[in-house]
Every structure is written in structure tokens, then in C-alpha cells.
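In what follows, chain A forms one complex with chain B and a second complex with chain C.
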Partner chain A sequence: MTNETLLRLGRRPAAVTALTVVALHLGAAVFAPLLSPADPYAMIGFPLMPPDGTNLLGTDELGRDFLTRLLHGGRTALLVAFASGALAVGGGGLAGLAAARYGGWVDDAICRLVDMQLALPSILFVSLFVAGFGQSLPMLVLVVALLMSMGVVRTARAQGLGLMEQGFVKAAILRGETGFSIILREMLPNAAELLAVELALRSSSALLLVSALSFLSLGISAPTPDWGLMIRDGLTSMRTEPWLVAAPAAMISSLVIAINVATEGVAEALGLEAARGGA
Partner chain B sequence: MSTTTLIDARDLSVGYEMADGGLRTVLDRVRFGLAPGVALGIVGESGSGKTTLGRALLGHLRDGGRFTGGTLTVAGIDVTDARSVARSGLRGRIAAMAPQNPLSSLTHHLAVGAQIEEILRLRAGLSRTAARDRAIALMAETGLPDPARLARRYPHQLSGGQRQRVIIAAALACDPALLVLDEPTSALDKSTEAQVLDLVAGIRAERGMGLVLISHDLNVVARVCDRVMVMRHGRLVEEGPVEAVYSAPQAQYTRDLLDSARPTRAAPVRPRGAGGPLLRAEALHFAYPEATLLGSRARKAAALSDIAFDLHRGETLGVIGESGSGKSTLAALVCGLRAPTAGRLLFDGAALGALAGRRSREQLRRIQIVFQDPLSSLNPRLRCGESVMHAMRHFLGAGSREARERSAGLFAQLGLEPDLFERYPRQLSGGQQQRVAIARAFAAEPDLLICDEVTSALDAAVQGQVLDLLASMQARSGCAILLITHDLGVLRRMAGRTLVLDKGRMAESGTTAEVFSSPRSTTAAALLAAAHQIERRSTTPIQTLETTA
Partner chain C sequence: MLFGAILRRLLLSGLTMLLLSCFVFLATEVLPGDALDMTLTADELSAMPPEALEQKRRELGLDRPAVERLGIFLGDMARLDFGTTVITGAPVADIVWYPFRNSLALAGATLAIALPLALVLGIAAAVWRGRAADGAVSTAAIVGYSIPEFVIGTVLVMLFSVAWPIFPATVTANTRAPLSELLAAAPLAVATVVIGSVAYLTRILRAGMIETLASDAMERLRLAGIPKARIVLVHALPAAILPALTAAALYAAALVSGIVVVELLFAYPGIGQEMVRAVTMRETPVIQAIAILAAAVVVAANLAADLSMLALDPRRRG
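Presenting the complex of A and B:
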């Protein structure tokens, strides 16, 4: 990123605020064990105690410190989200560029696979996987990555088709370079900024999806502290202790919104107008 | 301010903010005036500040731009003050601009008629039906056929010339006193360009409107304008009536620009080398594939049909025609980017594979191509030197040390500074980028170089330089050149023999001198007529001026 880009970014207060929020979230997730007043798994009091001096946000339905669980609640989900986002952008990006480079039946095959997946509801897709292969974190990463990669394939393919029209790619084809070296040497570096934006956007939608899956008992499983799970557990006492649902929901939405706003700001500062694409 | 001047610029300066907080001066104390109803051409190479000046006339600078000194008034309105521009409704009503690229300036998903109506409703406050009638009238005024039907079409369904006419119609919507056209024809071919320019001249005369026409092409200015202003590096080099400036330029820079724009002496026809032709095309035929339910088949309408020619060692064969005549398709067939639907190519006596993938590495090495757009022909992520060295390593198996030395030698032969070797393409000027692309082609030591409109994206002054370098590289290496161009000046300067294409067919072929001394085809005659525009204007007596309106 050049100085000029930083300067342009500095002129967008919304993007700067959003970047700060993302940084705070990441800081909280990384340093949760140091910041938390208690052990996230320890029952330190009666269930559903209201906030007081020692338990700033009270306790949950099992008597665990709610603030501690809130701080820890993003760790696993974020890890899954970023891991699957990275997998999706790596695999989907290469598949999209390959579709653009080779065209013909390769392109057809890749595009039809993407269409097929997009025609299937995500939750149903995950349910089928969980039913077939059981529920585990690596499994979750893989499934979410697969879901996220479909949009990346489309974006990367569009970028790739544009690159195929550029003289330097034509020149490489006319040099008789192999498809692999054309994709890696000529195309990938020129799609890198776009894919970086994709990584951020796909990770944020992955986070949303992971939380939804946890809420439906298809994602992260108890007793791991997780915002999606906390929302589900809080539902029963939402009338009397609404913050048990509101706080984790606020954490999820503030992070997702912040990532999206920050990415849009960075993309605009980089001059990537076509950055917001895909399904 | 009286109404006797339309534009009054006094020591106008404009700067752009840099990343480091500094200010780069783009316009430096420019001083000129324009009477109502007069047409002024602004010429200069890219980076001369001509587009910035055009935008300044509407008080609308690019992001980061600032008026840093002097005054600029248009019809008495101070356009350096954003508030007075907003209050006066300057844009659209008093001054209107038609931007450079007609495709990107129109909204893709709206019918063109609706885009003109929108301006009329918002700016002129017309009702829906009144706006529709007026939009159709405007489109008729700009010579669009069947405007009522065309108004419902989308931008991509129109030709380049039609899109440019729509843009002009939109600019005319609120009857401006001043129309600013930024490179209105740079995306059009020569004969469409002539039509659009004549249209602009006609509308201006009819409406008695002031016109500022920004162009890098002196021929374009000659066709439409009364006065011309030459700019360079943000400064005014020379200003005066077109006839006076063209026939007796005061500044050396103006003389250089004029020299490079005039048709030059004919290139020599080279004696044929020993042996058969280097490249022979036999009954080449090409049609774009059309998607069908299962797979694809060739379309009925052919982009190229019955093309046959011989290209001898060391000679330059020019291929000229309007856009859409199939000349770039021919280049794609010869280099192997597209496969002919019928016919074949023989290279040095041996059949040439249809696509690059079917050709031997040696054949790929011996045929090189330089593309039209210099920036996109270089990988933006590779340093310029690396692009050239990579080709050398790939084709000649040169070691990295040898590749570096020989590439540096090529840079020197092409007049590129050694420090450009480590720069990225974006940091170079268009002319420099194109020379790097030429260096990359010569790195393979080719026997045939295909030049596809290699100078059409460059400024007039740089064009001549690049062509001279190409000629000297050709003399040094003895390679043949297949020169694709729409520009008669370029053709005459470089090509001994010429092939004229019209709608995919060979209209005429022979030595360049023969073809253009007595053209038999209408295409050749039209090209010749367009090229002589500048000659006619510079020999017209100065009395015909109309500078005092």
C-alpha cells in the first residue's frame, strides 16, 4: 500500500472508524485470556445473576462469568472464519483464474459446479455434510470454505477474463508458456489486490455463517464459548435478562459491519471499484 | 465582466495535491480569452494540462485539484469559486462537457434516451413528455438515424460513433453557450471521426455556440476550429488563428508537432530477398464462433474472407482499413491468437499451426507482436527489464547474466535510460512503455514483427520517434514487419507495400505509392482525403478568419 493510498484512506472517517473497531475485536480475541476477569469454563456463582461489582455483566444460565465468555466468544468463530476465508480465496481464486485461462470445457465444468452449489441453500448443504461426516472443527472449516469459494470463483473468473484481453497475457500465450506459469506469473499477481478484498469480505460472511450454524447446533459445540451458542442459550431468559442475547448479537454484527465497511474503504482507496462482487 | 468575452483566463494556475502533501503544478499561469461563438482547439501531448484546462472551464477539477492562482471566468461567472458555480447553474446551462470515452461515460443499464431525458428533467425542469420529445429532437440534431427507436437502445447496442453523438446530444441538452469536447474522436476510426467532426462544426455554426475542443490530433483541430492553442507541461506555448499557427508556427514545439502530423515521404520498396516469401497467406477466412446449444459453430458473417498475400524477408507490408475492417483480426491469425476458419498460413515454406499452442517454439520465437495499448502489453507487476529478460531467457535460453547484458543493450538501442530497467510499467510514459514492448519483441530475435496499431495510443510527437526507432531496429535486424494501422501517415512512412482492407475483404493491394497516388477503392480514397485535411488548412489564406464574433 502506497503513501497515497494511506492518505486517501485517511480521508474516509467511516473506514478509519471501522478499521479501529476491527482492530479492537481482533485485540480482544487474541488477548481474551489476559483481559478476562475469570475462567470461561468455571462456574463462579449462581446462574443468571444480574451485573454487579465483581461480575460486570452478571452470570449466564450455568453461573459462568458472562463478560469472560463474551470476550472469549469470538476466538473459535474468528479462527474458523479466517481459515475458511483463506482456503476459499486460495482455492476459489485459482479455480476462477484457471476457468478464465483455459475456457472451453474447463470453464464450463467449473461454472456449472458453482451454479449447482449456489442453487442449494447453505444450511441444507452444511446439514448434509454434518450428517455424512460428523461434526468437527476441521470439517466446519472445510464446509464453510467450500461455500465461500463459490463467489470467489466468479469474481476471480471475471477478473481473469479481463486479464486474458491484456497484451501481456496474450504475449505470454504467444511465447508458448504453460497454463500454470501464465496463471501464477501473469494473472495471479494482477488479481492479488482483488483477492485480498475478497479474503476480508468472505471471512466476514463466513463469521456470520459460522455463528448461524452454531445457533442451529451445526457449528461450534458447547461448552466452547461462542457468540452463536450464547444467543441460543440466552433465548430462554430473553424476557428477564435481555443482555444475554443482545451482547453477543452486538459483538457479531459490529464485527461483520466493521469488516465490510473497512474493506470497502480500503478497496476504494486502492481504486478497486469492482471489488464488491459475487454471491 | 462584459458579455463580449465567453472565456477569460488570466494567469490561471491549477495544482494537484500529492501524497506527500506537496502540490504539483498542472497549469502554470495560462492566459487566454475566447469570444462567444468561436471554436478553440487545445492541442498538446498527454500531461500537457489540456484536459485539466477543459475541466477547469466547468469549475470541476479531478479529486485533489485546486485553483492556485489567477482568475478564470466563463460568461462572467467566476468558476474558481465553487459557490458561484453552484449558484449560477453553470454546468449544463452555460458550459457543458462531453467527456473522452463515450462508453464509460454512459450508464450501462439505462437506455440512452432516458439518460438525456434525465438531464432535461433535472436541469431544465421539463416534464416527462416534454423531456422525451426534446431528447428525440436533440438526437435527431446530432444526426442519429431513427432517433425515436434508438432512444430505447442501451449504450452497448450502439456503435462508437453513435455513442459519441449521444454524448454530444446530452451535452447540448440545456442549450449551453460553451461546449467543451475532450478528445471526442480518439476512440473512432478515420471516416467516423470525419463525420462526427463535421457534425460538431455544423451544430456550432447553427447555434452560434462557443466550442473548446481538446485533442492530441492536429488534423481534428484543423477540421473544426478557428483558433488553436498549443500546450506543453501546463504552459501555453502558442495561441492564434489555426491558419496562422499551422502555416507559420512560432515555437519550435509547435513545428515538431506539425511535422509529425504531416504525411511524410513514401517509404522505400525493398528489393525481394532470395528464396520464397517469409510469410504466405492462402485464402484466409475467419468468422467469429457463435454459441449454439451444444458447443459452437462459425458465424455466417465473416470477419475476414479470401485474404491472400506474400510477405518477403526484410520488407514492411502495411495493412490499412477502418475499424471493423478486420485488420486486427488478421494480426491475431498471423500470430496465432485465433485460428482461421479456412485457408492457411505458410511461414518460411512450412505450414504454420493455427493456434500458438500448435506452433513450435522456434516458430513462436520467429514471429513476435507489439500491441496497440502500451500499458496493458506489459505485466504491471514486473519491472520493465524483467519483462525483456524473461523473453530472452525463454526463447534464447540465455543465462541471467547474458540476458541482463543483452536486454540493457536493447534498452540503449531504443533510447531507453538504463534506470528504466528497474522501474514498473506504470512509472513510464506511453512512448517509453511502447519502446519496452518493442524491446521485448526484439529480445526474441524475430524474423517477422507484427505491429498492431503500435502508435495510435501515443501523442503525435512521440509517434514519429517510435516509428523511427522501429525502422532503425528493422534495418539492424533485417526482420520483416506486418504493420497494421488506420493512419495513412504511419503507413506511408513505414510500408513499401500496402494491403487495403474493407469489411473483411481485400479492397486493393500494391506498392504504397501506387495505391495512394491513384486509389481505385473507395476506402483508400477516403483515407487519402482525411489525411490531406491538415495540408489544406495550412495553405488557406489567413483572410478567412472569423475570430471577431
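Presenting the complex of A and C:
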């Protein structure tokens, strides 16, 4: 990112605020054990105790410190979101560029797979795997990454098709560079900014999808602290302890809104219009 | 030419459905071992004597090779024969039909409200691009698009059935109730899906309209002195609606996912509820039927969008 881009970004107050919120979330997740030293799995009091001096947000339905679980929920969310986002952008980016580089049957096969996946609603896609393999965190990350990679393939392929027309790629082909070297050395560096934006967008979509799955009891499983699960569990006592639902709801919403607003700001500052919208 | 273009799209849709059915079969019956592994827990499996297990496998046709079973599966799906459930032996079609109908009704009601709203908001934001109105619409859209459906729904419940109790928090209508009665009993569920859909569709329609308004053709109309309102409504709108149609069809998949979540939150008797029940009960035939039906709806929506593009835009008939 050049100084000029940073200046353009600095003139967008919404984007700067959003970046600050993302940084706060990251800080809270990294320093969770320092901010709230209680054990997120330990029962430290009676169930559903109201907030007081030691338990700032009271206890949950099993008597665990709610603030601690809320902060550790951020760790789960960011870890799962970033891991699946990174896998999706790595795999999807390479597949998309390869489709553009090789064309022919490679392109056809990749495009058909993407079309097929786009026709299957993501929650159904994941639940097919949960039904088959049971719930596990590595499988969840892999399946969500697979889903998220489909959109990345489309973006990377479009970018790659544009790059194939550029002089330096044509020159590399004439020099006799191998196909894979062209993808890695010529195309990838020129798609890096776009893929970075994709990483942020896919991570935030992954976060939304995983929280929805957790809410349906098909995602992260108890007792791992997770915002989607907390909202599901808090619904039963919503009338008497509304903060048990409101706090995780505010956390997840503020994080996803901040990532999306910040990404939009960064994409516009970089001059990338193509990265908007997208499922 | 036109006939060929239509035929090509029909064939592509058929191919997508075929590949999807293979994928559903692979994910539910081949990868995890077989249908028996899926239906029984590990404890039940190890407790069963080997002969009984073998007998059960033969009954379910699992002793045959996977390719042969795939052929049978595809044939059944093509005839919409979803078989019977593993646990009770009831026909899957009977279990899935009413929830499927109810979910379609929820999706239809949502689109009927969300599409016109998004069209007005998206065009207004594009026409007044960069002004306060655009700022408000774009911000609201990105916020609405970033909040999970179950959070939107929960906030609506907190506001309109806890703080100011004017709507029910859960749907009490029966699965087989007439659709009018069912939708009337679920105002908050409809509102939740509408909010998410309007946010998503507004973003796409705004982007499409901005692109159209920036085109040379529109610039020429402006230079010819045609009033802005006429350019937007008569010339730009039809051109912007075409790509929006494709985007809306692609949104069908996301809409189904949103509806699944909202159904669970409001206890709306649709395929979302049935799906989660089937996954927890490990009812493979029900999961397969729901996956195939949902995919068929999305493929059909995309086909319909493609065909209306053909009808409206002669350039695409090549």
C-alpha cells in the first residue's frame, strides 16, 4: 500500500473508524486472558447471576463468567474466520488464475464446479458434511473454506483473464516460462491487492456463516465459547437476562460490519471497484 | 439461433442438477462409509452382531457397488422418488412436501416485498450518488448485509414481542395450515428475511444503476437535453434491471440459507426445521431430498433469469 493510498484512506472517516473497531476486536481476542483472567470453562458461581463487581456481565446458564466467555468467543470467531478465509483465498486464487492461464477444459471444469456449488445453499452444503462426518472444528473450517473459495475463483479468474492480455505475461509465455511459474511469478503479484480484499470479504462471510451454523447447532460445538452458540443459549432467558443475547449479538455484528466497511474503504482507496457486492 | 440458445441453457441446468445429485450422493453415502454408518451411531454399530449388520446392508442395497447405487439414486431423484425414512419407514415425500411449500411461500412473500423496495432504494442511491441520501442508503445496506439474520430476528423479537408486545415471538400455525394463515402468523419472520434481502439487493441494484448511468449512451441522452428523470426511468432502468435479474437469481441460494436460520428462530414450519431435525436424527433420505429440492429451486431461478434475459436482450441470443 503506497503513501498516496494511505492518504486517500485517511480521508474516509467511516473506513478509519471501522479499521479501529477491527483492531479493538483483534486486541480483545489476543489479550483475552489478561483482560479477564477467569477460566472460560470453569463454573465460578450460580447460573444466571446478574452483573456485579467481580463478574462484570454476570454468569451464563451454567454459572461461567460471561465476560470471559464473550472475549474468548472473539478468539474462536476470528480464528475460524481467518483460517477458512485464508484457505479459500489460497486455493480459490490459484484455481482461478489457473483457469485463466490454461483455459480449455481446465477452465470449463473449474467453472462448472463453481456453478454447481453456487446452486447449493451454503447452510445445506455444510449440513450435508455434518450429517456425514459429525461435527468437528477442522472439518468445519475446511468445508467453509471450500464454500468461500468458489467466489474467490470467479474474482481471480476475471482478474487473470485481464492479466493474460498484458504485455509482460505474453512476454513471459514467449520466453518459455512454464505455466505454473507464470501463475506464481507474473500473475499472482498483480492480483495480490485484489486477493487481500477477497481475504477480508471471505473471512467476514465465513464468520457470518459459522455463527449461523452454531446458532443451528451445526457449527462450533459446546463447550467452546462461541457467539452464535451464546445467542442460541441466551434466547431461553431473553426476557429476564437480555444482555446474554445482546452482548454476543453486538460483538458479532460490530465485527462483521467493521470488516466490511473497512474493506470497502480500502478497496476504494486502492481503486478496486470489482471487489464490491459478491455472495 | 434463439432455439439453440434456449436449448443450451436447458442442457446446462440439467447438467448442473446431475452433478449436484452426484455430489449429494457422494457427501452423504460414499464418503462417510455408507448409509448405515450415517444412520447408526458408533456405539450402535459396534453393538450389532456382524450377521445382523450384513442383513441390514443387503436390505438397504448397500452390498452393491457404489456406482450401481449412484445410478439407482439418480433414477429415483429424477422421478422425484425420495424413498422412505430409515427410522419410521414413512415416505420422505410426505414429510418434506408441506415444509417445502411453506418455505417457498416465505421466500415468495419476501421477494414480493424486498424487490420493489430494493429497486426504489438502489435507484435513488445511484441517482444521488455521493449525496446524503446515497450515504444513508449505502450505510444502511452494508450494516443490514453484515448483521446475521438470527441477530436481526432476535432484535425484532426483543422490540416487538418483549418490549412492545404486538407480534408473536414464535409461529403457532400448523405445518399444514393454509399459506395465508401461516404467513399472517409469521410477521416477524417475514420482516427478518426482508431486511436482509433488501440490504443485499439494494447494493447490487445501486451498483448496476451507477454503471448504466455512466455509459456513453446515457451521456449522449444527457447532452441531447433529455430531462434526468426521463433518462433514469425510461432509458436506464430497463438496462439496469437485466443484470439485476441475474444477481437476484444468484441471491436465491443465499435466501434459502437465510430462511433456514429464520425458520429455526421463529419455529416456522419449513424445510429449515426439517433439515436440522434430519441432520440430528441422521435421516439421510430426508437430508438428500431437502438438498435436491433446494438446489432445484436455485437452478430453476437461475434458468428463469437466463431465459428472461434472452427474451429481453437480443444481443445474448448468439
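One rule holds for everything that comes next: the second predicted complex is superposed on the first by the 276 of 279 C-alpha atoms of A that agree within 3 Å, B and C clash if a C-alpha of one lies under 4 Å from a C-alpha of the other, contacts with A are read in each partner's own complex, and residues count from 1 in each chain.
Definition applied: contacts are C-beta pairs under 8 Å (C-beta built on N, C-alpha and C of every residue); 3 or more make two chains touch, one makes a residue touch a chain.
Treat the numbers as computed from the prediction; the structure is a model and nothing was measured.
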item: Simultaneous placement of chain C and chain B on chain A, clash or fit; value: clash
item: Chain B versus chain C as contact partner of A:T224, first or second or both or neither; value: neither
item: Touching partner for A:I173 - first (chain B), second (chain C), both, neither; value: first
item: Which superposed partner A:E4 touches (first chain B, second chain C, both, neither); value: first
item: Superposition-derived comparison: chain B or chain C, residues of chain A touched; value: C
item: First (chain B), second (chain C), both or neither touched by A:N190; value: first
item: Which of chain B and chain C A:R239 touches, first, second, both or neither; value: second
item: Which of chain B and chain C A:S36 touches, first, second, both or neither; value: neither
item: Chain B versus chain C as contact partner of A:S122, first or second or both or neither; value: second
item: First (chain B), second (chain C), both or neither touched by A:T68; value: neither
item: Clash with chain B, by chain C stretch, listed 132-140, 222-230, 258-266 or 294-302; value: 222-230
item: Complex contacts: residues of chain A adjacent to chain C; value: 14, 112-113, 115-116, 118-124, 127-133, 204, 208-209, 211-212, 215-218, 228, 231, 235, 238-239, 242, 245-246, 249, 252-253, 256-257, 259-261, 264, 276-277, 279
item: Partner chain B, residues of chain A touching it in the complex; value: 2-4, 6-7, 166-168, 170-171, 173-177, 185-186, 189-190
item: Complex contact set, residues of chain B against chain A; value: 18-20, 335-337, 356-357, 359, 361, 364, 367-369, 371-373, 376-381, 387, 391, 394-395, 437, 440
item: Interfacial residue positions of chain C with respect to chain A in the complex; value: 15-16, 19-20, 23-24, 27-28, 31-32, 38, 139, 142-143, 145-151, 154-155, 157-158, 162, 203-204, 207, 247, 250-251, 253-254, 256-257, 260-261, 264-265, 275-276, 278-280, 282, 284, 287, 290-291, 294-295, 298-299, 302
